[in-house]
C-alpha cells in the first residue's frame, strides 16, 4: 500500500537526484542554479511532508516559509555573481572556471 | 623550602638571562661576557649549595597527571653539575673565539637557553615536563647550527632538526605508551617490564635517548655539523651536554623505568658495539681535525651504551664514568681544535703540522686529552675503558669484548695520526708566524686536561662521591663493591697489546706513506676496506650510484648503516614529488569534479551508516 | 491510489526533468515555473495552504522573473558559445544510467520502509502560521531580516558603480 | 546580554549606509567598536561561566521561548574567537584599499551576526538559518573585488555550500518527521536511533557539515575560495567562518542531539584521518602561499574533528583548544600572507624570498605562527596537538595517534619549506625595494603572535579554564 506520504518522500528523493545530476553534468552556470532550484523544491516538499506526517503542519509551514525566503536571497546573490562572471569572462561555461587548480 | 626555590632558580635564571640577552643589544664592551661569566659561575654555586639534599618540587600544573615535578638527587645532581661546569668552560673559551663574530650575542643567549632546557630535562621528575625541555633543546640546536657559515649550515641544521626531531617523536610516542601503561607520569613511580606493548615503549624511548646521545644510526648530522657549525657549539652540545642528557635518560630507561630482558640488553649492546666500530673506522681516515673528533664523539658513546647494556654493576659504573670522562677529554680536544683553528685559520690536517713549538701549551693539553681517550694509564679514559672491557668479558659475550678492544686500537691509532699530523713533523711555511692561543682559550682546556689526570689517578674520589651514590636508584647488586686498582691484571696486558698494536700500526703507516697524516692510509687503502671507505666518504656526490657499485655485502652494509637516514630521505623525495604532482593534477579546478568527489563521500557516509553501523 | 495524487506528483516531477534536460535555458526556466506550480498544489493537497501560496508567489513569480532576467541579459553575447553548447548537448545524458542505478539501489535498500507506509496523523495544533512564527520562531524572523539585509547589501555592492577598488 | 550578541552587530550593519553618506571613515571605527564590545562581552561570559557554581549555566534570553538562544562554555569560547579574529580582520582591512568600505564592514558585521547566532542557537533549524546567513555573506565577501578568480572561487564555494545546506535541510526535515520538533532538547528526546530516517538524517547532516568544514573528499572548494578571496577576507574565512559554520556546528549537533555512538566516532575518525594526512601532503606540494595555508587548514580541521570524535573529556578539551589555537595561528599566517602580498604583489612562493630582512615584523610573527602550527613547544599549538594525541591514544585509537604524530612531522616540513622560500635566504631580485607594511597591517599579526605565545606559556591556565567551561558537556 503506497500512501500519499510515501509518494511524496519518493518524489523528494527523485527531485534530489535530478537536481544533483543537473549540477554535475551541466556546463552552463545558470543551469547549475536551476539544478539547485530543483533540489530546493524537493526540500520544501520534504519539510511540509514531515509536518503532515507528525501532525505539525502549521509549524512546518513556518519553517517552509523561512526556507523559501532564504532560497530567494541565495538565488539573487548567485545570479549577481553569475552576471559578474559573464562581464569578466564573456562566458558562462563552468569548464572555463579553472584558473584555480592544483 | 629554600632548596626548592634554588632548584627552580637553576632553570629560571639561565632561561631569563638567555631571553634577556636575546633582547638586549648593548655596545658596552664585555658587558655580556661579564654577565654571562657571573651567572654561569653562580649556577655552579647554586648546584653545590644544595649538593647533599634530596629536593622534590611538585607544583600542580595542567592536570591529567602533568605536574611541574622536579627532583634533585644523586644522579641528577651529577649530570646537572656537569652541565653547569661545561657551560662555564665553553663560555670562557668562546669569548675569544667568537670575538669577531657579529652574531655572538645570539650565541651566548642560545647557550644559556640551552643550559636552562638541559637542566630542566635532567631535573624533571615528570615525563611530560621532561619532554617539554627535551624538545626545546631541539630548537636551540637548530638555531645554533644555523649560526654557522651561511647556506650549508642551514642545511645541516635542517638535517639535524629532522633526524633529532624524528627521534624525539619516537620518544614522545614511547612516553605516551609508558605513561598509559604505568598509569602515572611521575618518573619516580614508573617501573615496567618489557613484555608486549611495554617493549615498544622501551624501544621507542630508547631510540629517543640514544639519538640524543648520538648513537648509530642517528649520528649522521654530527660530522656534518662539525664542518659547518661554530666550534664552541661542537664542544658544548655533541661533546658534552647531549651525551650527558642522552646517557642519563638511557640509564634511567634501562635500569629504572624498565627491567629489560636479556634480548633487549643484547640489542642495546649491539647498538653500542656497532657504534664503536663503525664510527671509529670512519674517524680513522678523516683528514679534518674537527670532523675526526666528531666521529670520535659518536664512537665513544658506544662504550657508554655497551657498559650500560651489560646491566652489571661494573659495566654501569664504567659506562657512567666513561660518560664523565668523555665529556672532559672530548670537550678538551674540541677546545684545542678551536685554539688551533683560531690561530691558524684552518683545521685541514694537510695544511697543519709542526705546531709543537709554536703552541706548546695547546700541544701539552692535547697530549693529555688524547692519551686519556686512547686509554693510556693512568689517565681517566684508561680506568673507565678497563671497567667496560671487564664488564663485557664477564658478561660472556666475547664478540662485544672484541669489538670494544678493536675500537680501542683504532682510537689510539687515529689519535697517534692526529697528533703526528698537527703537532709533529714539518711546519708548513704559512704557519711559521703562528703564536700560542690567548690565555682565555687555554684556561678551559687546561682545566679539563688537569681533570683528566685527577680523575685517572684519584679515581676513588669520583667512584665514591659521585658515581656510586648516583647509581643507588638502579638497585643493582654490587654497586658498592665496584673498585679499580692499577695493577698487573690480565686486562692491563690487553691494554698494552692494544696500545702497542696501535703504535706499531702507526709506525708502519708512517713508513709506508712517509708522513704522519698518511699513517692511516694503509688501512684506508687496504683491499676491500678501500671500497668501504670510498663509499662512506662519497655520500656528498651520489649515494645511490656508489651504492650500486658497492662490492660485497659488507661494503653495502657499512654504507647503508652509515647513511641510512640520508638514503631514506634521498630515495623518498622523488617518490614524494611524484605523489605531490599527482595530487595536484587531480585538483583540476573543475567544479563538477569536486561535486562528484563530495557525492562519493556522501555515498560512503550513507553506506557506512546504513550497512556497517551497530 | 488516487488519481489526483499521481497527477500532482507528475506535475512536480515531469517539469523538473524537463528543466534539467531542456536544450534551451529559457524553456528550462519556464519548466521550473511549472514545477513550482506543481509543488504549490501538492502543498495545498497536504494541508499547507499558506506555504503553498507563498511558494506560488515567490517560486513561481519572483524566482522566475530573476531567472528570465538573467538569461536574457546573458544570452545575447554568447552566440558562438551556443553553437558549441549544441555540439556537446547530448553528453549530459552520459551519466544517466548511473543516476538510475543509484535511485534504484536506494529504493531497493529502503523498500521495507516504503512498504510499511506512514501513518496519517490528525492535526491537533493550535494557532495559525503567523502566531507560530511570531511566538516560537522569532529567531527565524530575525534570521529572515538579516538575510534580506545581506541580500540587499550584496546586490548593492556587487552592482556598484565605478572601479572595483574605487 | 545574549541578544546583544545578535543585535549589536546587526544595528552596526544597519548603520553603515548612513555612515557612508555622512562619515565614511567612521564606518571602520564603528565596526571596531562593535567588535570590541563583543570581545569584552565574551570575556564577561567566560568569567561568569567559570564562576557559576552549578556548572550548568544555560543562560536563557529574557524573552524566553521566542528567541531560544543560550550561552554555555563551548559557545563562550567560540564567541571570543569570533570577536578576536574579526577585530584582526577589520584592523587589517583598514590598511588595504577596498571599494565601498562601509559596505564591506556591513557584510563583515552581518557575517558576524550569523556566526554569533550560530554559536548560541538552541535549535537545528535556527542553525540552518544562521549557517545560510554566514555563507551568503561570505560569498559576497569573496567576490568583493569582482575580479576573475574572485568570481571563480566564490562560485565554487557557493554551489558546493548550496548542496551542503540543502542536505542539511533534508536531514533536519527527516529528524523533524520522526520527532516532531526542531529544538535540541525536543529532537534529542524524541530520537529513536533505530529508525532509518534518523540514520539518514545523521548521514545527511554529517555530510553537509563535513562539506561546510572542508573535510577531505569534500574539500574541493576550500583552497579555491581561500585563494580567491581578498586578503582581509581570507583571514576571516580561514580563521572563523569555516570553523564555526562547519566544525562548531557539527560538534554542537553531535553533543546536543545525537550523542556519541561507535559508528559515528569511527566515521569521523576515518574522514578526519584522511583529511589530516592527505591535506598535509598536498600542502607540501603547493607553490602558492595562500593555497598552502588552505590545505594546512584542512589538515588541522582533521585534527580537531578526530580529537572531538574520541568523545572523551580530554578529546573535547583538545578539540576546543585546537579550535581556538587554529583560529589564532591560521589567521596570523593569513595576515602574513596578506602583508607579503600587499607589499610585493606576489603570492607564489618562488617569487618571494629573503623577506625577513625587509619585513622584520612580518617575518618574526610568521615564524611564531608557523612554529605554533607545526606544534613546537612552548607555543600554543604544541599543547593542543599533544592533548589531541594523548586523547586519541587514551581512547584506544592508537593507529590514529601514530598518524597524528607522523602528520605533525609533515606539517613541520611544509611550513619550514614555505618559511624558507618566503622569508629566509637571499632577497630575491625585484624585491630590493620592499619595505615593511604599515602598522595597521602588521598590528593584528603582532596581536595574534602574542596570543599564540601567551596561550602556550599560560597553557595550564587555559586548560583549567576549558575544563571548567566544558564541564557540562563532560560526563
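In this document, chain identifiers A, B, C and D correspond to the written order of the chains, with residue numbering beginning at 1 in each.
Going forward, a contact is a pair of C-beta atoms (placed from the backbone, for glycine too) under 8 Å apart; a residue touches a chain by one contact, two chains touch by 3 or more.
None of these values were measured; they are calculated from a predicted model.
J.: Nearest chain to the global Cα centroid?
T.: D
J.: Could you work out how far the Cα centre of chain C sits from that of chain D, in whole Å?
T.: 31
J.: How many angstrom lie between the CA centroids of chain A and chain B, rounded to a whole number?
T.: 65
J.: Centroid of chain A to centroid of chain C, CA atoms only: how many Å?
T.: 5
J.: Mind checking the centre-to-centre distance between chain B and chain D? Centres are C-alpha means, answer in whole Å.
T.: 43
J.: Out of chain A, which residues touch more than one other chain, so two or more?
T.: Touching at least two other chains: 19-20, 23-26, 49, 51, 53-56, 60, 63, 66, 70, 73, 77, 81-82, 84, 94, 97, 99-100, 102.
J.: Listing for chain C: what residues touch at least two other chains?
T.: Each of 102, 136-137, 140, 143-144, 147, 150-151, 154, 158 in chain C touches at least two other chains.
J.: Could you say which residues in chain B touch two or more other chains, in rising order?
T.: 584, 587, 589, 591, 595, 610
J.: What are all the touching pairs of chains?
T.: Chain pairs that touch: A-B, A-C, A-D, B-D, C-D.
J.: In their complex, what parts of chain D are in touch with chain B?
T.: The touching residues are 155-156, 159-160, 163, 167, 193, 196, 199-200, 202-203, 206-207, 210-211, 215-218, 220-221, 223-224, 261-264, 267, 271, 278, 281-282, 284-286, 314, 376-378, 382, 386, 389-390, 393-394, 401-402, 405, 408-409, 412-413, 416, 424-425, 459-460, 463-464, 467.
J.: Looking at the complex, which residues from chain A come into contact with chain C?
T.: Residues 1-11, 13-15, 17-19, 21-22, 24-28, 30-31, 33-35, 37-38, 41, 44-45, 48-49, 51-66, 68-73, 75-77, 79-84, 86, 90-93 of chain A touch chain C in their complex.
J.: Within the complex, which stretch of chain B touches chain A?
T.: Touching chain A: residues 584-585, 587-592, 595-596, 599 of chain B.
J.: Enumerate the contact residues on chain A facing chain B in the complex.
T.: Residues 20, 23-26, 94-95, 97-102 of chain A touch chain B in their complex.
J.: Residue numbers of chain A touching chain D in their complex, please.
T.: So the residues of chain A touching chain D come out as 12, 16, 19-20, 23, 29, 32, 36, 39-40, 42-43, 46-47, 49-51, 53-56, 60, 63, 66-67, 70, 73-74, 77-78, 81-82, 84-85, 88-89, 94, 97, 99-100, 102.
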